[in-house]
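Each of the next two complexes has chain A plus one other chain: chain B in the first, chain C in the second.
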Partner chain A sequence: MRTKQMLAALLMLLICPGLMFAGTVSGKVTYTGTPAKPKPIDMSKEPSCAKEHATPVTTETVVTGANNALGNVVVYISTGAPDEGQVPPQAVTFEQKGCQYIPHVLTMHTGQELKVVNNDQTSHNIHPLAKTNREWNKSQPPGTPPISEKYDKEEFIPVKCNVHPWMHGYFAVLKTSHVDVSKDDGGFKLPNLPPGKYTITAWHESYGTKTADVTITGNETKDVNFSFTAKPY
Partner chain B sequence: MGKIFAVTLALIAILSAVPIVMNYWGPPEDISTHGHAIDEQMKDTMYEAGFSFLAAQFILGLFIWQYTGRKTGDKLKTFPGGAKGLVIAALVLVGTEILALGVIGQKAWASVYFAAPDKDAMTIQSQAGQFAFYFRYAGPDGKFGGMHPDKIDEGNQNFFGLDPENDVDARDDVISGELGVPVNRQVNLLLHSKDVGHSFYVRELRIQQDYVPGLDLAVHFTATKPGRYEIVCTQLCGLGHYNMKAYLNVMSQEDFDKWLKEKSGQ
Partner chain C sequence: MTIRTTCRCILFIAMALGSVFAQNAGTSSGYPTPRDGFPPSEQRGHGLYLRYCVYCHGVFGDGNGDNAQFLDPRPRDFTAATFKCRSTPTGTLPLDSDLINTLLRGVEASNMPSWRPLSDENRQDLIAYIKTFSERWKTEKAGDPIKIPAETAVDIASIRHGAELFQKMECWKCHGQQGHGDGPSASTLTDSKDQPIHPYNFAAAENDGRFKCGVTNQDLYRIFMTGVDGTPMPSFADVIQPNDAWDLVHFLRTLQTNRRSPENSALKAAGGPSALKAPGDKPSASNPAPSNNGRPSAGGGR
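For the complex of A and B:
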């Protein structure tokens, strides 16, 4: 009888890990104060890119939404993440299109493969300004295969293009895949968390970082909200 | 054989002169107030150099025609006065030619580079960096904010390193990737380089001036015809040099005011 129960429990563990590790942290990132207005980007020197945009392109340093929502904030588990060292086998893709970086902030696990794709009709020169990781700087003419790279250490790396000064993005290299980037409505969600104590960190490229501690006890959803102080300039 | 060579030489000289005499590859239309003097100077130089070139080729052809097929044992003819005289004659001739071009030409050059800009000239600052040009207008207060190299943040469109947080003058500065200027108004363009040497070149303006890192240089001009003209970098500045360009947009005063307002409202 006991063996049967044990077996059943084991089966449960095997089949429904989702049910067991169903803790979720979700919430919203907002700002207080007046953020700087997004500035228009003049791409007239690169007509092949300029014609890809029907509406004027603006800077993505501060992306806001209705009700003081703050986008492009990286929210991740900085302490207690259960998957440290588990490098996802699939690659993440950083696209260059219309002389912009898509996405503006790309998250990846340390050691995870990063693919940089040029989908423009012009040459790009991708230059992530890494400080703790090894810095590299590669030219990528149109039609060339993706560049494959990876980073060994945790770091937020600003990325620029050596040909188009307005192009700007970030790599968030983390020791976990429990990460989300807040959308334009400020929302984020970190699902599939086993019970435990976690420190959640929210990082914004101009407003810095905020942290919050959270304890997951079982199958529950914890609300965690972050608020940043916006700067007008 | 020598005679055929002499004729071929003369033919090549004539053929290469045709496109220049017929003005096949003339400069684009001049849209500046000072450009005509430079065009005149270029023309004079071309006439002078072209005449010398043709004369030299024809004389060379003539000599080949005349003295080809010399038999061994014939006496060599020499230039009157010997080699020394020849060298002195050539030096005087070429020296006078170059000196004359320089003396006449400096007028066209000095009128642009040595004259001070008008008092009411509009000052625009440009920042050249790998691999784009950016332009800055002082805004309603007429004052440029200070430049702080450590504040340069290109991803956030702060190409000049302004500090609007602490510097009131910088707050209304208007930044543009296109050089918009009103027609028939003198513009005093300040040239500043962020990194290496670049060059500001607008063919139609007849202006080509280097940016030198560490130096604040200036050049002034008055554009006389509305339109869009290409500004290209003509100083090899790195990998993306071929792609370093911007546009000069010459507008009526009315359009310019509107354009500047649009740029500042953004």
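For the complex of A and C:
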């Protein structure tokens, strides 16, 4: 019995050594200072969207939670990522629903398929304002198939709908899939990291970037926290 | 010949030679210029650019020339390699012929004039030079031009279907129900540089019916299928079928009410704008009722 267990462990080690010695980086993103208050969005010009929201919708430029938590921060491995060039086969989806972008910040690997879907009863134009990658702008009336695109280069790309000026979001195109977006409680987690030295970068659309270096030596969890200085505008 | 005259001659020859060498090295003007080794066409284009284009498009090709602050819309930023008038799909580089056509035509409703008085070689040299402002021209190829099928017949059925597409595609959100450029989203539109921009006003077109990127029905077809990159005007190539696109062209031409055209003649022969009103049309909140002249009413507004 013991031999079988040892063989199984050895087999596991051979098949996926990363899982046997997989470390995790986790932590919390917070802010200091006074962030801008979310502004209410007036969707009265688009009744089909307005009626989808029982409570007034607010801007998502800065999303905060209890104890100065900061949401919508992209936390990723900017140096040392073990999966650079390994493009995930599955697509990521950017949904337009209730004249909002879901999610507000969508992460994807360079070369990964991006699908944009319109689940509204109104037309949108999807206009990612890329500078390093190609800028394109496509109309998507209700009921039309998803738009399929991909990006070749790393970039944080603002996305907007010109027809509905309150709609804006971001594509975070990265060379890694070791990425998370902080939740409303500021929490994030980067699991399955083999031993090595890494630079972790946190990016927020209004507050810029912060970095931290971390070393994973084995099956362990390292705490890394980021703090941004909030702007009151 | 006196020593003084000899010295003057030597100085003059030295200046002339220096000027020639400097020009080849791209430093004659004192502006940042092409590096050594640029092909002759780009060097010639550089000289033309400094003479004709730099005041608006800027030394660095970024659209920040001395005159730019006074211009609306702002001059094109060549460093982004994003061009409005193309025969290629949205997001792709244009063909050289697209850029040449823009130089020939100028850009309607902007300060970009026609450069028809220049020679063909001058225009080609200018295009060669403005391509030096962006690395995209070295790493990407121009897109494949969109295919435009033969134009379908202009008749009331085509115009009526085009009017339906105008509603379905929600063109009126920006261009307004009567094509006056006063749709509910018009006042909030901005270009890729966050500068305010106005939708095309079809009704203001004179008899030549010029658009920003052309004048013919084929040009109009191309404009909405490729989109006008760098502006809020998106591409409809993925959502409008080729023959349907001709119907939309025919309807859009009827919005140019000051223009004598086969489309306006066909509409008049069918009884005027009321012929666009299909039986059983029902207005909705997001798709307002046709107005009393038979055309859809101006929805929303500023």
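Just so it is clear, the second predicted complex is superposed on the first by the 216 of 233 C-alpha atoms of A that agree within 3 Å, B and C clash if a C-alpha of one lies under 4 Å from a C-alpha of the other, contacts with A are read in each partner's own complex, and residues count from 1 in each chain.
In the analysis below, a residue touches a chain if its C-beta (ideal position, glycine included) is under 8 Å from a C-beta of that chain, and two chains touch if they have at least 3 such contacts.
Note that the structure is a prediction, hence the values are computed from the model and not measured.
**Student:** Fit or clash for chain B plus chain C once both are placed on chain A?
**Tutor:** Superposition check on chain A flags a clash between chain B and chain C.
**Student:** Determine, under the contact definition given at the top, whether A:E220 touches first (chain B), second (chain C), both, or neither.
**Tutor:** A:E220 sits against neither chain B nor chain C.
**Student:** Is A:T59 touching the first partner chain B, the second partner chain C, both, or neither of them?
**Tutor:** first
**Student:** For A:K231, is the partner it touches chain B (first), chain C (second), both, or none of the two (neither)?
**Tutor:** first
**Student:** Looking at A:M167 after the superposition, I want to know if it touches chain B, chain C, both of them or none. Which is it: first, second, both, neither?
**Tutor:** After superposing on A, A:M167 lies in contact with chain B but is clear of chain C.
**Student:** May I ask you to decide whether A:E46 touches chain B, chain C, both, or neither, giving the answer as first, second, both or neither?
**Tutor:** A:E46 contacts both chain B and chain C.
**Student:** Does chain B (first) or chain C (second) touch A:D184, or do both, or does neither?
**Tutor:** Neither chain B nor chain C is touched by A:D184.
**Student:** Between 114-122, 150-158, 186-194 or 258-266, work out which stretch of chain C sticks into chain B after superposition.
**Tutor:** 186-194
**Student:** Intersection of chain A residues contacting chain B with those contacting chain C?
**Tutor:** 45-46, 122-123, 125, 139, 162-165
**Student:** Can you list the residues on chain A that touch chain B in the complex?
**Tutor:** Interface residues on chain A, with respect to chain B: 37, 39-46, 59, 61, 122-123, 125, 139, 158, 160, 162-169, 206, 231-233.
**Student:** So in the complex, which bits of chain B are touching chain A?
**Tutor:** 129-133, 154-157, 159, 164-165, 171, 176-178, 238-240, 243-247, 266
**Student:** Can you name the residues of chain A that touch chain C in the complex?
**Tutor:** Result: residues 45-48, 121-123, 125-127, 129, 131, 134-141, 144-145, 147, 162-165 of chain A touch chain C.
**Student:** For a test of understanding, state which residues of chain C touch chain A in their complex under the given definition.
**Tutor:** Chain C residues touching chain A: 80, 82, 90-92, 140, 168-170, 173-174, 184-185, 188-190, 192, 227, 229-236, 238-239, 285-286, 300.
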